[in-house]
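Shared between the two complexes below is chain A, which has chain B as its partner in the first and chain C in the second.
== the complex of A and B ==
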């Protein structure tokens, strides 16, 4: 009882924080197992868990586009190709003796160095600033005259507009009183969520790097075909 | 709006997800795999267990559960045991974004359909795990064939969805349903705008790619029994085989839901206001009817066509479906700008 009260007093997303702790623990254990296991297929499968956990953290932070992309690109494509490649060539069961183990201390050193640099960068940038889970998505709205008959029912109900009141214009003040799930149904409203922001950034500010990367990937693809074809 | 404690909500969602994935699988297997297949092959199918053999499936499940769960001697036990669960997990992740009514959804992600297409690729990992961990050549070959096929047909699947997304102007599954309910075909909104009409090419490509993703015949090279015994399923028995079997038809049901949301208007039926509360009650039923319609097509093709050869299968994906899907995107884009 007291512990429940204590938790209630702190402004704290309990469920999300517990979920984060569980996911992070799974991720760390899998990452460690991945670099210490003696079997290549096991390593690839541990990598799947690590990547799935990072996708889960992205989704927990309300960035479902990045999370889904992580799953689509890394788990659905890259790891499948890894496994495919390993299984087509050599994929023995049990420990693989040819797995190099002398480089481990070097690897640990590099990992530690990377950890220190990233931890410093993160603490230096964000400090004690709190990150909110799943930010509500901003909805942009430009008032425009619409036929009341075309308005979706929840919008009409919330604003007490009857279906046959002709052309109406919903002012921005009226718009602000609506619930988010009703707001997005108003004609002229546009959800400026994470996805829209990412799309805006990619297709306006970063359009040239984006296109350059696309062409680079296409060139790599054609190059791979040329190298693989002998005749 | 009623708000519940987080854990109650989570329990409801988990139970709902289980029901949404597992409940359609039973009717699909009974109506199509048992009865329709028998009808098309001029035989009776199950008749003894229950009225008209309706309890046959329960008898089969009972049989599999009591069978011994055999592990091959050289198998990688942990991965062998986990593989069927990875395949099932993919269907449970898929059903998350499917809406069953205006307020009846598990999560209403802005990137709904994109998320669905992303998690549908997780099942490949499960199949590769099963193929490798069985320590059998047949399983291995079956697993590799399955992976090659699923990767090849994922592209036309994604590209066919693009047409719908361009036309609806959103990735959100709920908004795709509303776009069809509120849409008009050349100014006539009598039946809304189910995208099966305006995106017919997309629908055809989606259905073919879906058939291949579900490894239903004629795309069942991974389990070609005349060459590979049963591919990656060879070494599985008892409850783990049952899990794969449930996974196959549960995933078929979930893909049917996604197809009906994208092309058939989801939980909405023409003539009714999509915002009425009625749809929260009849929505799941409407979805079930539409899923059965989609499944009828899948199983009709399954029982009609002979199996593809591996090279024909790959050619169909890369040389026919993908170019057609790309053309569909270009035309849809042009028409979207013009109208």
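== the complex of A and C ==
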């Protein structure tokens, strides 16, 4: 039992790691192409791949809401802004080799140095610490008398309740015997995922930063219009 | 999964973004490289959020995305203004305050 569980755990981790390796490889190749390609439009399209890959990384980390936001805001809106910027400025669509060789090698040196210092600090500090993906939160039990007819079929079958047995109340002991995927279909059962926690955090603990961000977006909107409009 | 594999990925992405900012002359491409840097930071935030098993990393990542959107809007407006005034978006030509 324990070894089977352990094996399942390992198998799961292997799948995640393979997914991570593929996503990371795509992401890094695209990022490298993005900063080296001479074609401006190609750079924007490589940026799309990088952003999509990082959305995939967010989902891999269990933050599906951040991943969805990334796709909506970055790929949906910011890339379009960039493409408009490229079009409106008639940037040379061909090669952009105007960068001096010296500046290029200095940039590479600075980037490499930054990476080496950060990698050293990270490996020194965090070593081989694992991210523990905890079990999903247990589904809360709510006592609620319901008509047997309204119960979903899987719940009825699991508890041996016939459809015409009138009003029934599922006891806590009965609820505990159900599988999680059946539990969440019991009426009144409360499923709390990551998203509910994010919503709680944004609208209680971080309500002032949230309001400040909305004012910031308005200010940026007005600022962009004022700066870019013709006199 | 190791925490460090995400942090190292983000460090590499950050370094590439810095390389892009330093070597590009086209203003739009410089802004794109800044986005790369912000994205690296976001991966860090979400990875630490998962590591500590709370949602604060996610919340800050969402704030960073919102601020990045505002930054791109204003930044591109400034690039457009520069293009209108100088017919060029080469950032190395903007050296009015050079000593």
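Here, the second predicted complex is superposed on the first by the 166 of 231 C-alpha atoms of A that agree within 3 Å, B and C clash if a C-alpha of one lies under 4 Å from a C-alpha of the other, contacts with A are read in each partner's own complex, and residues count from 1 in each chain.
Operating definition for what follows: a contact is a pair of C-beta atoms (placed from the backbone, for glycine too) under 8 Å apart; a residue touches a chain by one contact, two chains touch by 3 or more.
All of these numbers come straight from a predicted model, not from anything done at the bench.
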(request) Counting touched residues of chain A, say whether chain B or chain C comes out ahead. (result) C
(request) Would you sort A:32 into first (chain B), second (chain C), both or neither based on which partner it touches? (result) second
(request) Figure out whether A:15 sits in contact with chain B (first) or chain C (second), or with both, or with neither. (result) first
(request) Mind working out whether A:119 is in touch with chain B, chain C, both or neither, as first, second, both or neither? (result) second
(request) Give one of first, second, both or neither to describe whether A:194 is in contact with chain B, with chain C, with both, or with none. (result) both
(request) Could you look at A:88 and tell me whether it touches chain B, chain C, both or neither (first, second, both, neither)? (result) both
(message) On the A-aligned overlay, A:68 touches which partner chain: chain B = first, chain C = second, or both, or neither?
(response) first
(request) Identify the partner contact of A:163: answer first if only chain B is touched, second if only chain C is, both if each is, neither if none is. (result) neither
(request) Quick one: classify A:207 as touching chain B (first), chain C (second), both or neither. (result) neither
(request) Considering only touches as defined above, state whether A:215 meets chain B (first), chain C (second), both or neither. (result) neither
(message) Identify the residues of chain A that lie in both the chain B contact region and the chain C contact region.
(response) 65, 69, 77, 84, 88, 91, 194
(message) Taking the touch rule as given, give the residues of chain A at its contact with chain C in the complex, in rising order.
(response) 13, 16-17, 20, 24, 27-28, 31-32, 34-35, 40, 43-44, 47, 50-51, 54, 57-58, 61-63, 65-66, 69-70, 73-74, 77-78, 81-82, 84-86, 88-91, 96, 98-99, 103-104, 106-108, 110-112, 114-115, 118-119, 122-123, 126-134, 194, 197-198, 201-202, 206, 209-210, 213, 216-217, 219-221, 223-225, 227-228, 230
(request) State the interface residues of chain B toward chain A in the complex, per the touch definition above. (result) 6, 74-76, 79, 109-111, 114-115, 117-119, 121-122, 124-125, 128-129, 131-133, 135, 140, 143-144, 147-148, 151, 154, 171, 178, 182, 273, 275-276
(message) Quick check: in the complex, which residue numbers of chain A touch chain B?
(response) 14-15, 41-42, 45, 48, 64-65, 67-69, 71-72, 75-77, 79-80, 83-84, 87-88, 91, 93-94, 137, 152-154, 185, 191, 193-195
(message) Show me the residue ranges of chain C that touch chain A in the complex, using the header's touch definition.
(response) 1-9, 11-20, 22-29, 31-33, 35-36, 39, 42-43, 46-47, 49-51, 53-59, 61-63, 65-74, 76-81, 83-84, 89-90
